[in-house]
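Single-structure report; data block below.
Going in written order, the chains are labelled A, B, C and D, and every chain counts its residues from 1.
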Amino acid sequence: MSRITLGNKKEILQKDFFKSLLVEFICTFLYEFAGVGAAMAAETLDGSSLANLFFVGMAHALAVAVMVSSSLHISGGHINPAVTLSLAVGGHCTVLRSLLYWVDQLLASSLACLSLRFLTGSRTIPIHQLASGVGFMQGLLMEHILTFSMLFTVYATMVDPKKGVLDGQGPLLTGLIVGANIFAGGAFTGASMNPARSFGPALVNWNWTHHWVYWLGPLTGGGLAGFVYENFFMPRTPSISLPNDEESGLFYIAN
Amino acid sequence: MSRITLGNKKEILQKDFFKSLLVEFICTFLYEFAGVGAAMAAETLDGSSLANLFFVGMAHALAVAVMVSSSLHISGGHINPAVTLSLAVGGHCTVLRSLLYWVDQLLASSLACLSLRFLTGSRTIPIHQLASGVGFMQGLLMEHILTFSMLFTVYATMVDPKKGVLDGQGPLLTGLIVGANIFAGGAFTGASMNPARSFGPALVNWNWTHHWVYWLGPLTGGGLAGFVYENFFMPRTPSISLPNDEESGLFYIAN
Amino acid sequence: MSRITLGNKKEILQKDFFKSLLVEFICTFLYEFAGVGAAMAAETLDGSSLANLFFVGMAHALAVAVMVSSSLHISGGHINPAVTLSLAVGGHCTVLRSLLYWVDQLLASSLACLSLRFLTGSRTIPIHQLASGVGFMQGLLMEHILTFSMLFTVYATMVDPKKGVLDGQGPLLTGLIVGANIFAGGAFTGASMNPARSFGPALVNWNWTHHWVYWLGPLTGGGLAGFVYENFFMPRTPSISLPNDEESGLFYIAN
Amino acid sequence: MSRITLGNKKEILQKDFFKSLLVEFICTFLYEFAGVGAAMAAETLDGSSLANLFFVGMAHALAVAVMVSSSLHISGGHINPAVTLSLAVGGHCTVLRSLLYWVDQLLASSLACLSLRFLTGSRTIPIHQLASGVGFMQGLLMEHILTFSMLFTVYATMVDPKKGVLDGQGPLLTGLIVGANIFAGGAFTGASMNPARSFGPALVNWNWTHHWVYWLGPLTGGGLAGFVYENFFMPRTPSISLPNDEESGLFYIAN
């Protein structure tokens, strides 16, 4: 855990930092808009509960793949507080940057849900909730495992410099595992894997039932993935210094 | 906005310009043929309204990904007046070229719809219309946001020279966000994001209800994305001159 | 049309030629097995006609993408007589090779259908037929346009040396347009786009109704795409000699 | 078959070998969790049998693509005893390593099923079984062909050094053919293609009906694909020595 770095004022005063916040805001908004919009469409339209889950899972898979891609070279493509925390645990994002990303992501998610409410004539926005019969421990562990799965993929296919032939495929693969995980866990917890994705709908509906589950599960799962990957799989190359913020288009570490 | 360039007669008299118009025509036709054909199949076949939207969304996602890819290195792969306008706003396509692309795209869309009418025994071609309960402001804003989302992706993953590891994935990602956005907005406005896609069916059915929404929403959304990306995210490299029309296989700027 | 080359005995006596025939056989068999198997599963299982078409379209999309990829570097990845003819029209495959590929593809398709019949306890294999209300001219033109679309994609994303950033994406994109085209045309003609795909089921069921449509439509559509692409879009580089059979891993031309 | 190599104690005492076992365990667990979880969700939710098969097929396609990618550069990305055996047949994985991978994969699969049972309140885990009317020979041959198809793809797009432009696409293509093959064979045998995928559910339910079919079919199919590819298609380059375990990030051979 000694890899965590605090960051300093110098980092956040750079022009690139503002760009990062702006693109995280835009892409989290657009992701949330597509994902929540699709969940609302599935509620509105007529279809079986299985078709409903498939539809929602595919919408999130595609939206994650694209919005991580679109923001990757500017902000690192997080659009998810669990991703931000996991990268901070591995030392790839300062604590200061992480906190500002979190606020940014929550604001973007909230604005997307407010927009959808206006655009659909105040239709209800579906929130993440545990299915009946699913207890807290089960819900927590489900979100923990699904988010671990997603972050392990982020580390293996994007952060790891030895990813080799898969270079550039990370965002698409991250979207695909989001889809598969929603198919597996969506019927039980909604398979959020993203506190910001859960926050906007809860705020706009002012319904906080089980909401903490969608913070604790994803954050511990994402954090554990970062810890495991850094300690067991990340190649150590002490002689090669990491690029600084100005040059790196991908992940941010403290100066 | 000072990046907009007018273009001149020299550009459009080049042999490559004719090739561009021809490939835009062919690929817009083939995109429209697959997209509208799938919408007609969904009307014809038996299935839930949710399955219907998913089917149509996936058809458009795949057709956009492929037809942008197939025309990318010849015409820039627009197949959509909103893309053309957005690139003109960013200075990546002259006004003269843009106008000729627009006419081209509208003709291709119309011919595709006429062909489908003949091939299916004069079956009705479904047009884009606002769902009941969706007002003009809501419809406009929905199309505006969805098209902004698509064009932001085009800029981030294709136009931006710093896209890096994602090089070559832009057309696929553009198709995927078209799919996700149709899942989100299709039940409310049809999620056209493309005035040419809406024009052909309206012409062939001579039904122009709400048609202006499918011009104003996409064009303002696409234009805004170009403006935002150019001004906040596009790296400035004044010393490297941009390739001219003869050499560039991707995007066109005025000489 | 002067690009067509006949080929000679020398070519077909090479060891690599035998490998090409073997891999075309294996991959056409595996493609046909997955595609026809999925069509049989859709008949067997309970689902709406729209879900049926989507299921079949996706199975073909994925199987084409993979089997073209798996045979690409050995035989050129045709697995379809319309692809072979189209490449012959453009001068990328000799007439002699084309004829042997055709026989090969038809045998593989037939064996796949016989295997499926055995494996499923002599269940009926669905054949391609025009839907009721679709005339011969309509069916022919539909298959012609859909196959033109697929082959235009093959030329633009695989054969054209200026495909640039899309290098390597051709097989996947070919699969995706097969999917989109099945969504568009499947309800009317079955959207075969491949005479070998239609031949196996017709043979095993000894049902040749409308069968000629699935040869004439795809072959003329594929041939036209080759002719158009070669004459309007293919860059001419007379000074660079094309690689010979031994070295080229992709497309074959006469020595 | 002379390519098979036994391996020695030196190999398994290396630090990288432990990493390989750990990542195979994690990724097999996460694959099994997503795949079996999706199968359980499909049982739980309401939908047609066709939608059910499509849902399950897509979940496996995506999970295979991602988990092979995530473990590729560390362990070779097997997550399947049939893949391990097939690579051993081709001489790309020692017998010693193969045996330890097998145990590892079976443990991971079992733990994933136990976790799912806990998380869903002891819901039944669906096992692979032959559909009614499908005999042993038919079931065996179906699993044999489907696994041959998958392993042929693994060899052609990952192991073969002449894969060229497809470099890096192997894991995604492997996932896609898993999807297509499930669509084709899922209604008859479940289309396991992976003894570990079948083992976990059988163990947790203590239901071993037909279980041997899911070992014999995939192992012979995968083994045959390795034998065929090595002997007919693998380019021979005796002068270039293969990388040793320490350097190769992809496939392992004996020292």
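Before moving on, here are some points about what is shown:
Here is the rule we go by: a residue touches a chain if its C-beta (ideal position, glycine included) is under 8 Å from a C-beta of that chain, and two chains touch if they have at least 3 such contacts.
Chain identities (UniProt): A, B, C, D = Major intrinsic protein.
Only a predicted model underlies this, so the values are computations on that prediction, with no experimental measurement involved.
Summarising the inter-chain layout, the chain whose CA centre lies farthest from the centre of chain C is A.
In the Cα superposition of chain A onto chain D, the rotation angle, rounded to steps of 5, is 90 degrees.
For the pair chain C and chain D, the fraction of shared interface numbers is less than half, so the two copies use mostly different residues to meet.
With each centre defined as the average position of its C-alpha atoms, the distance from chain A to chain B rounds to 29 Å. Separation between the centroids of chain B and chain D, computed from CA atoms only, is 40 Å. Residue positions of chain D touching 2 or more other chains: 48, 51, 54, 167, 172. On chain C, the positions that touch chain B within their shared complex are 48-51, 53-54, 61, 133-135, 138, 141-142, 145, 148-149, 152-153, 156-157, 160, 162-167, 169, 172-173, 176-177, 179-181, 183-188, 228, 232-233.
Those residues of chain D whose C-beta lies close enough to touch chain A in the complex are 19, 22-23, 26-27, 30, 33-38, 40-42, 44-48, 51-52, 54-55, 58-59, 62-63, 65-66, 69-74, 115, 118-121, 167-168, 171-172, 175, 249-250.
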